[in-house]
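Here's the structure, in structure tokens; my notes come after.
In order of appearance the chains are A, B, C and D, and numbering begins at 1 in each one.
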Amino acid sequence: MRRLLSRLATSPQGIMLATGIVLAVLFSVANPVFLSAPNIVDLLRNAIVTGIFAIGVLIVLASGGIDVSFTAIGAFALYATTKLLIVSGIHPPMLAIFAIGIAIGVALGFVNGLLIGLLGLPTLIVTLATLSLFRGALLTFVGTLYYGTIPAEMVAYSRQPLLAFHLASGRVVQLPLAFGNFVLVAGFAALILGSTMFGRKIYALGGSEEAAARIGIDVRRVKLAIFMLVGGIAGLAGVTHVTLMRIANPFDLVGSELNVIAAVVLGGARITGGHGTVSGTIIGVLVITMINSSLLLIGVPTYWQRLVVGGLILFGTGLPIAIERFNLHRARLRAAAGPTVTVQAPV
Amino acid sequence: MRGIFKSYGPARVLQDVDFLLGPGEVRCLAGENGSGKSTLIKILSGVVAADSGTVSLFGRPVAGTDPAGVIAAGLSVIYQDFSLFPNLTVGENITFLRAAAHRDRLVHRLRRRRLAAETLDRIGVKLDLDEPVETLPVAAKQLVAIARALANDARIVVMDEPTTALTRNEVDNLLRLVAALKQEGVSFVFVSHKIEEVFTVCDTVTVIRDGKVAASGAASDFTPAALVTAMTGRDIASQRLPRDATAPGRPFLSARGLTRIGEYRDVDLDLHAGEIVSIVGLLGSGRTELALSLFGDTRPDGGTLVLDGRPLSFGSVRDAMAVGIAYVPEDRLSEGLFLDQSINDNITVSSLGRDSRLGWLNVAAGARRAKAAVERLRIRLQTVAAPVVQLSGGNQQRVVLARWMEREPRLIILNSPTVGVDVGSKRDIHELLVALRAKGTAVLVVTDDIGEALAISDRILVMAGGRITASLAGDCATEHEIAARVAKDAA
Amino acid sequence: MTIKHKVFAVGLALALAGGGAAVTQAQTKKYTITTVVKIAGVAWFNRMEQGVALFAKDTGQNATQVGPASADAALQNQIVEDLIAKKVDAITVVPNSPESMEPVLKKALDSKIVVVGHEGSNLENVTYDVEAFDNAAFGAHLMDNLAKAMGEEGEYAVFVGHLTAKTHNQWVDAAIARQKDKYPKMKLVADKQESLEDQQVAYTKTKELLQAHPNLKGIQGSASTDVAGAALAVEDAGLGSQVNVVGTSLPSIAGPYITSGTIKAISFWDPAKAAYVVDKVAVMALEGKKVEDGMNFGQEGYEKVTLKGHVITGQAWVDCTKDNLSTFNF
Amino acid sequence: MQREDSTRSYLVALFGLMVLVFAGIGLGNPSFVSGASLSSMAFQFPEFGLLALAILPTMLSGGIDLSVVSIANLTSIVAALLLKSGHEGLALPLALGAGAACGVLNGVLIGYLRLPAILATLGTMQVIGGLGIVVTGGPAVTGLPDWYAATVNAAPGGIPVPLTVFAVVLVALGVLLRFSSTGVQARLYGANPIAARFAGIPERRLIMTIYVASGIISALAGLVILGHANSAYADYGTSYVLLVVLINILAGVNPAGGSGTVSGVLLAVLLLQFISSGLNFLSFSAFLRDLFFGLLLVIVMSLRVLGGQFRLAAWLARRSA
């Protein structure tokens, strides 16, 4: 048990959690409002879309790849879905609307998957190209028009709170139902990654593609599946974004990809693949969201905000690396203290 | 397997190889490094396809590449590099193969743990199931790889040099285990070049040399000497190269009490100009770690290094190079070469300064030097502009050597210099070392190949458990004596 | 240009020099006039394109509009370079960063291309610049709207699209000056907020403002999506009746929140009308005519423009509230 | 030493594609093939061409520098402030110094603290960009002495000054990468950092040199931008970041490191400029540009793999070895 605790404390997500807590304490000293219920609920709400995207990025990073096209997929899904509903005038239930967005995402993810899985192209090249391609196709062929009024089902959904309470000041604090999407996606991913062979194959690929091929894992098929899954998650994130903002703007989302990747890496996933957990990712997302949406609260002047965000990202990236180096050093010392292998009597 | 042919580009790796294995049989696949054993195993396990010939498992033909099918049919391979997933835990690595072979969809955590624990029990090993494999010592990794194969209920287990990283105790356990499983009808392909093991465990032997079956038959039909002759194609004694009679002078480099916690400790070492010294030890004995410290790549925690009578400490590889030390790393492909880059660049990389003035290269002079080196070392190639990946293993190793020859080192450390190198090249490399000795270079060879150490060394140091446990004169030591010391657990 | 056209053009020029007596609508000279906007495809510039199209239809001129795929000054410069090479007759431009465009616009002028700016009153290398209104006056007007909504007292905050965006900063600076001058009971909290022209950011920042300043009563936006983001945040917090949002936007963006009452008023100028006037000025310049103080351009808000240097300023701002929302279709 | 691999054939193919695109657009609008249009393009591409060259050595060594645009903007701000305040003699050296200092920052983070390049430069992109905002307070810095813009925008002998700068940097970088030990080491380090360590390549110093070089080239881009825009603006050219990475990949630079040439970058820059200007000439939507860039990259890379001569052969050979 103590071993487990110490492992947790020195694990990347443990470190990030500690960093997050330190930041939270500093922030709340700067402004006690930071720890108030409404602010925390706001923080959770602001983390929804980044969080859903981040889960997708985690899956790709765990498999040893990198994805930068997910925001373009999200934007495509958000806009194409809304436009489809508005132009056709149909009124499907919200579940079906999400399904449409996911389907669009899966289809675009399939394009990524084909290029990466079947042709064996490097993930960075492919997703960089498709980022440009998907966005260009969306704005050229689907449209650029801003929809300020979205279908009634979406509005109704966006008004439903998961959690709501009134403050004495008359303020309403509510967590939108869409937070459930984040929770579901995170839970789903945790299940896939932790408890299915597909999930373990993802990590196996990230650990050693060669070894995976040797034990008969169909590397191409797993990669194809990964990018379709991640496309679907990005599609869901896109539609969720519509319901949160109550607009459909095809220019949204694209441009935030590096921020999301930073969040996932902060949460302990390694850019070199094979590592990363859902819990760590959630922590990373919360920390990035906290950094991005608390500067005003703690009184950082607007002009300094970009600088501070950049500095905090560097800090958050550097810390786990320093800790890993420390861990390696410690592992060497521990190996010296006593062998971990003990051989008992033979069979 | 019948009539197997396999070529990679112009290189013929396997020619007309037949390989048969009956139930409950333990067959040794013997052969020197580079003889084609590994390729044969890859074909057997469905990772690569043979150019021609047939492979059938349990009476059913195996077509093309289908590693999953082969595993599901009941064949497990323990690769030399283990092929484990470094990021996953011990428990998971052990059970992964079985789960994949059974086409499981879900992970049955408890069942997995129990299976992993049982399998480890079977081979009498205690390991923390939750430890990630990447933090394990090499020997433990090997045990995990063995456990993984057993967990899959394999009916055929292929073991590619399974004992290189194990202590004597562990080897004994393993051999006993093989014997026990044999009783249950499990067949083994036991790849090894350790004569002693072959006779302990194997029923039958197939010897491969230069891609062809050199000999095949019951183990009892062979004598150790006959086996060695079959493997090498000549009498091993003749391989001993002439010693240098002159007594060495003052040591070039001395270590006293050199220690790096967790890797090696209390190492005393003297390397003289004009002397070839071998360090013989198993994987994980600290031999590579010691070599890395002597090359300045890692810093010792304690002890002193004396060079030419003056104490010094290396801050980096550059410092060691500056005083004339060269290092040929263990894994040529990942540590030694820039595979996609030209032969020319691979040769000149460490001596770029020679052809440059104020940082600007004299490209023509560099190319001339590279060409000269190629001729001197008899590297067979079409053009020095070709990427080095196109060369054979032996030629690749010569490229690495050529790189260091350019610097005219005073001490050259070679870590496993002839692994994966054909017999001819091996001989050439050995002769090159002798030539270097004649020029007054100090040569340190780090190896687990006792025959190699005996063939070339003036002095042989045995390393085990992080310590130098014996120092023997090269011409007095016998293979048996060294093998016994090497395998002795220092702890 | 064919010889025939050239002859005609010379004749036209002579006629103009002769006192510009009788230039009829039936002129056959067609000019290529290209409008370069900050970014293609967004609501604001889609509306502007309607004005360009209308102008082309009304006058028969070859007037079109282009814009880069993202609001980057560098990309706009590239487009203008290409237009110069393409030898268009006139370039009208809504610059992302007016300063960054000066050299390339100078090059256009040097190549005898007429340049008319919009939203760039300090542009130097232009034939004319058309402003829908005086930016300072507009900023003050926004403050008047905000003050009215807030009952002339309480805390308020302001948004700009980018800290680097010139006009937004002019409006906001003028608004703050107006408040200090006329509404002493109002108080600005925090710095200018930067929304990055992103509705999501405006939303997040507003939520933060509400946390940091619970007594906040007013928000003024600059980018067209600022007010929508802010209003959504206010409504989500259940403060629709307490916090008042005003700013620059379009009815199509702010509509739902004007209806719900969170946004009390938006002010804007009709980009279509502005584009129409801009193109008209371009044609005048091409024809060698001079714009004069007090001229009437026949578009609402530009009936009596003022001319200062080469800056033509109208009084074209429009207020949109619950009452007149239904009269706008863009 | 010229390597014998598919690099040359790829460059030839890229050149062919470029000619094809040029001819195609020329057919669509003949005025595209005019002196005016060529001169217009010659004023456009040096800006992002320089930024693409700035990233090249970092990608060659297996890293990346996302902060080049931020460095360029900060540099132009530094130069602008100095020019404006009358320290005209200091402007250029200090601006280049600022670029180099940003490079040092990246070099320390990547070489010494061992942060992954993509994350380190993502952070410095924000930090350096944020510094620009802090220094200027937002709005563009204007009021430069007239001679500066006049010099940068001049075209003596019909050759625009930015083009000359681009050409000089291109050739210098090309020579540096091929004929200096640092250049060869950068490529080899990118090919295999572990082997590089054992071959005695001075890792940290090398990485530092690479990122400082990248910073200085970015600074030159900043100085060109400053003249081109006659003002310094903290948010200029934000769309260039992904564009220049795209250019390098289209140029045949391996994002994992080890291969890439300046001639490839030149061809990719020209190709993208032709497409971009071509779309403007043919009055197509600006969004088609993104579409084409992405499509082009996908097609080129797929053909390269399907053609089988590039990675596949080497990869298979390596597996069998």
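Keep in mind that, in the parts below, a contact is a pair of C-beta atoms (placed from the backbone, for glycine too) under 8 Å apart; a residue touches a chain by one contact, two chains touch by 3 or more.
Predicted model only: the values in this text are computed from it and were never measured.
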item: Farthest chain relative to chain C (centres taken as mean CA coordinates); value: B
item: Distance between chain centroids, defined by C-alpha means - chain B, chain C (Å); value: 73
item: Centre-to-centre distance between chain C and chain A (centres being mean Cα positions), rounded to whole Å; value: 38
item: Chain centre separation (chain B, chain D; CA means) in Å; value: 44
item: Chain D, residues touching no fewer than two other chains; value: 133, 137-138, 285, 287, 289-290
item: Multi-chain contact sites of chain A, meaning residues that touch two or more partners; value: 136, 139, 144, 210, 303, 305
item: In chain B, residues with contacts to at least two other chains; value: none
item: Pairwise chain contacts under the document criterion; value: A-B, A-C, A-D, B-D, C-D
item: Chain A-facing residues of chain C, complex; value: 39-43, 46, 69, 163, 190-194, 198-200, 203-205, 207-212, 214, 225, 228-229, 232, 236-239, 242, 252-256
item: Contacting residues of chain A [partner chain C, same complex]; value: 31, 33, 36, 38-39, 42, 45-46, 49, 136, 139, 144-146, 148-149, 166, 169-174, 176, 241, 245-247, 249-252, 292-294, 296-297, 301-303, 305
item: Chain A-touching residues of chain D, taken from the complex the two chains share; value: 66, 109, 113-116, 118-120, 122-131, 133-134, 137-138, 242, 245-246, 249, 255-256, 285, 287-295, 297-298, 301-302, 305-306, 311-312, 319
item: Residues of chain A touching chain D in the complex; value: 115, 119-122, 124-126, 128-137, 139-140, 144, 210, 258, 261-262, 265, 271-272, 303-311, 313-314, 317-318, 321-322, 325
item: Chain D partner contacts - residues on chain C that touch it in the complex; value: 40-41, 64, 66-70, 72-75, 77-79, 81-87, 97, 99-104, 107, 162-166, 169
